[in-house]
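Chain lettering (A, B, C and D) follows the sequence in which the chains are written, and residue indices restart at 1 in each chain.
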Amino acid sequence: MQATETRTGVATREMFYNEALNDALRGEMRRDDRVLVIGEDIAEHGGAFQVTAGLLDEFGPTRVRQTPISEIGIVGAGVGAALTGLRPVVELMYVDFAGLAMDQILNQAAQNRFMFGGQARVPLVVRTQGGSGRGNAAQHSKSLEAWFTHVPGLKVVMPATPADAKGLLTASIRDDDPVMFIEHKLLYRTKGQVPEGEHLVPLGVADVKRRGKDLTIVSWSREVLFALEAATKLAADGVDAEVIDLRTLVPLDKDAVLSSVRRTHRLLVLHEAVKRGGYGAEIAATIAEEAFDDLDAPPRRLAGLETPIPYAQHLEKSVVPQVEDIVRVAKEMLS
Amino acid sequence: MDKATALDLYRVMRTIRRFEQRSTQLFGENKIWGTIHSYAGEEAIAAGVCAHLRDDDWITSTHRGHGHCIAKRADLGRMFAELLGREAGYCRGRGGSMHIADTSKGNLGANGIVGGGIPIATGAALTAKQLGTDQVAVAFFGDGAANQGTFHESLNLAAIWKLPVLYVCENNQYAESLPVKRAFATEDIAKRAEGYGMPGVRVDGRDVRAVYGVAAEAVARARRGEGPTLIVADSYRHEGHYYGDPRKYQSKDEVEGWRERFDPVADARRWIAEDGLATEAELDAIDRKVDAEMEKGVAFAEASPLASPIRIPEEVYASH
Amino acid sequence: MQATETRTGVATREMFYNEALNDALRGEMRRDDRVLVIGEDIAEHGGAFQVTAGLLDEFGPTRVRQTPISEIGIVGAGVGAALTGLRPVVELMYVDFAGLAMDQILNQAAQNRFMFGGQARVPLVVRTQGGSGRGNAAQHSKSLEAWFTHVPGLKVVMPATPADAKGLLTASIRDDDPVMFIEHKLLYRTKGQVPEGEHLVPLGVADVKRRGKDLTIVSWSREVLFALEAATKLAADGVDAEVIDLRTLVPLDKDAVLSSVRRTHRLLVLHEAVKRGGYGAEIAATIAEEAFDDLDAPPRRLAGLETPIPYAQHLEKSVVPQVEDIVRVAKEMLS
Amino acid sequence: MDKATALDLYRVMRTIRRFEQRSTQLFGENKIWGTIHSYAGEEAIAAGVCAHLRDDDWITSTHRGHGHCIAKRADLGRMFAELLGREAGYCRGRGGSMHIADTSKGNLGANGIVGGGIPIATGAALTAKQLGTDQVAVAFFGDGAANQGTFHESLNLAAIWKLPVLYVCENNQYAESLPVKRAFATEDIAKRAEGYGMPGVRVDGRDVRAVYGVAAEAVARARRGEGPTLIVADSYRHEGHYYGDPRKYQSKDEVEGWRERFDPVADARRWIAEDGLATEAELDAIDRKVDAEMEKGVAFAEASPLASPIRIPEEVYASH
């Protein structure tokens, strides 16, 4: 892992996604004493996915607050701390556990500002992770971002690459609103070049991860990597797919999607979360409404099947979109 | 107790009582939308506890929050304005009775979620500890809230982290229509404190002197960095759960007679006079002053413009 | 309130929506000893909206189990009771409180059957109510059905009329899956003819509440009444709107919507819940995908604005679709 | 304790221990997907409690659930089949280690949500009460789960309703990397029972005789309709939290030495022999039988077909 220079002159270093997150936390904790991390298993153990590794040594137990298993208690404490001057980053070990803490997210953090007529702000980040692929079965593999997008007052961030992970987490910590920051358990050990030092990716700006002219694939989190793989395969068959990584679901960079679809005339929304009621519907419905005449084919969604995630390895893959599925659907859309 | 303290406690309690009477009246005149929950009967608790708090100490309150708000020195006009949906209201008409907050006085808000404020006060106490100040936080909540998971998780957290926080359980004998006797298999809610490793104190919530004394000790303890205290104040709710509650779950005697039999404001008047701390005339003067301020508040609210239209996203997001 | 005969020969009686629900509960509790109601304030007081009024007198405190304020405890007890032979109907006083009980809904009730390989069934009904319009402000006025539709294993029912309320609640109690049964606080005092005696409305069957040929308005719960009102106004202006009441969001009667849109060629989805991430997106995206060539205009959604519900009466109305809004959008779609 | 009981407890404990060794081995061979959590060291708790349960009594279990499953008389072959993702598994490969259920024996399932099973057991006890049977329910959970809101709400509910349920808290000294000393500000978790108005008993979870005795009384009490009991069993987790845990939060001495120093299975062997209840040879015979059954189970699982493809909606909904 050695430093290299990019064309833009910013020093970068190859890092794992979880290292990039760690780098962001460390940077913000150094920069601002009010930033602290709160969560289960985050101290000596360094977090279930090693995102907080080493922070205890550098910042000590008051700024790396390991908690008992009390999800609503700790998220609520994060809300109270954020309301009164700290900038807490609370780790919810799995997004599946959100059901336990949801009241503090839904009725308190998200609404305090509006409900109190603008008196309050809640600079709280809830870091969590979701997704399937590690055999953790139905209670540890969900993708629940759609829930959070439906709550006015929350921002929802889902980085797909190490560089975005660092830049978006930094921006989320500096943001004055509650942010649901959702990582993916199978991204932690993916690698990429990450800018060193301060690195910010603004919330609300999508990233075109691949340019293409035949169809627009909109995705986020781990499925972005699948989309890119599929695009490579499709290219071999003469199909030129554009891949847009939303990065933040709220605020949504609608213009990025609209302008892409206006060029490609075809939209495929791709996500791991269950299709029914998923955020893909929001994207597809928005584009159907706002770019109806630009579409040469029905907008399609490819997403998780209507089932809890099964345990067995061969079954687990069968219920969320795989690269071959994307290739198949993209071809259908162009035929 | 010295005269100034006694009279101030009396004034706060009397203000709360009058506020509840006045808002009930406004509700009856169809000027208030939604629901209101009267704190009448429980005044001694908010008054006795908040007397020890500075403006930079925090509280979280409940759906029955007018009393806490007033005890934390809120402006009556802005409170009424909120109830009447006016722009000058604390929440610019967005919140209403169940969400009045006054962050300038450390009131982090009423809460429509039973038990919802308990973790928030815990987090505020964490801020004090983290920043090394001597601020304290107080979570007010009802007997009903003591059976919520948030109570349990928060008290444990505060105990292991020794946070400067008071958990003040206002046992007004009911959670909506459920009497405490049916909600707990134990007589003394304060005993729960032991399970978390913090002191638990049961106090007569009818006697503002008792509440004042217990809170003094708990606040001092918190400021000294010695951690949280659970205070359970036995009290009584004069009115129904909400304005208009048919109170089918209570006896006629209870509905009609109990508010006279359990009256912390009248009690205070009595012992202040009996102890020679003030004359009836002095107390009457306070009453008149309170009533006048109340009318000023109502008039202010009624004269002030309706809440302005909602702007999205700027009202929903701080940075956008 | 006297009995009358409908054309189909079934005796009906005019009832309020909450009376119809009460009738369903009473009927099922008489029919089946295993049915019990569990919830806060449901005994002497008869429930916050009087749905359980009188049940205590008839069935006693063991079958009308009034609980402390312990949302996850009581929903979880409902799950356990349902798994072991009872058919509990748990009342969650406001859907806003779902955030407190969500883990038992999401990770337990909804998943037990699948996760245990088919060994279990969870005949649990969670009755709750949502919606704005009574000045209850941000923590007592939400519409959260989209969350539940996104959870495989749950059924989601939202009746708009007294007759449907009775028929669907009866069917939900007899159903072997967990059902989220969501009422609307402003429907309780609406009246309608309700069949007497046993009355079942099957889950998964939409109801065309008004026939029309110019556009299809798909809605549910209280907004159905708004849609019907709007349709009357539109008719005066020569616009003939069809109004489909989904009644159950899951299972979804997709065919009813598809076949209507294939006739009218225009789709407006209408709901009170916040637009972003709402179930309207699911309907619009589905129709855009499956009936793209049948559409003569972009599918539209009219729904709640991206804000918590405000308190003041004049503000409250400004953030959820009103009759005039529907009329306006429908006309836009036809111009 | 009579010979049959003692030997049966020993057999169950020995089976659990062996199952954990065997599944750890299979995990090392990459035959198990996901995660497994070993119950080694805690065998006396499941064995001692479940010995009093009939097949129609219910339990809810945890992520560390193999022991409860075995003590509730599950078939080893079907358990291994589940871990290996086979169709013959208890959950047809859908659930895996964290979700094994065996409703035919009253096992309502392991649970990946810490504290998630506590309300469910409470609901099962409600069924027994409602239907007037003498069935009981047992919620097993860890020290970590005792700080969840579900614990609090469920215990209160069971106490006021006098439900036939045992809350068995397995205090194995850790919740993942968090030692109990840092998760509680109180020494004795069993004291929490008082706050709910139910008996709380602390027991040496290393000694199966002690657990057996305490559970006997609590189960009898529940069957008699006298309500719930909280049992806190002091115990120790031999392995890391999960297979592969680097155990950075423990000392070398603890990682290397403690499993010998705290061994309920070895203890049981010792006192059975010392009390003359069985000879070493008899105990060896049990060991051999257990080991043979274990291998039969593994072989069954390895030979059985992979889980079949998922059918939707019929696997997700019972009626569709």
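Note that a contact is a pair of C-beta atoms (placed from the backbone, for glycine too) under 8 Å apart; a residue touches a chain by one contact, two chains touch by 3 or more.
All values derive from a computational prediction rather than experimental measurement.
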| item | value |
| --- | --- |
| Neighbouring chains common to chain B and chain C, by label | A, D |
| Of A-D and C-D, whichever chain pair has more C-beta contact pairs | C-D |
| Distance-maximising chain from chain C - centres being C-alpha averages | D |
| Gap in Å, rounded to a whole number, between the CA centres of chain D and chain A | 36 |
| Distance from the mean Cα position of chain D to that of chain B, given in whole angstrom | 45 |
| Rounded Å distance, chain A centre to chain B centre (Cα mean) | 40 |
| Sequence positions of chain C contacting 2 or more other chains | 67-68, 70-73, 96-97, 100, 103-104, 107, 114-115, 137-139, 152-153, 306-308, 310 |
| Interface hub residues of chain D, defined as touching at least two other chains | 91, 93-95, 99, 111-113, 116, 147-150, 152-153, 156, 160, 182-184, 313, 315-316 |
| Contact graph of the chains (line, ring, star, complete, other) | complete |
| Of chain D, residues touching chain C in the complex | 58, 60, 89-95, 99, 101-104, 108-109, 111-113, 116, 118-131, 137, 149-150, 152-154, 156-157, 160-161, 313, 315-320 |
| Parts of chain C lying in touch with chain B, wherever the complex brings them together | 40-41, 43-46, 66-73, 96-97, 100, 134-140, 305-308, 310-316, 318-319 |
| Partner chain C, residues of chain B touching it in the complex | 33-35, 85, 91, 93-96, 98-99, 111-116, 144-145, 147-149, 175-178, 182-184, 246, 248-249, 306-307, 309-310, 312-313, 315-316 |
| Of all residues in chain A, those that touch chain C in their complex | 72, 96-100, 102-107, 110-111, 114-115, 137-139, 142, 144, 146-147, 149-153, 250, 252, 273-274, 276-282, 284-286, 288-290, 292, 295, 297-301, 306-308, 310 |
| Interface residues, chain D side, partner chain B - complex | 147-153, 156, 159-160, 182-186, 189, 191-192, 194-198 |
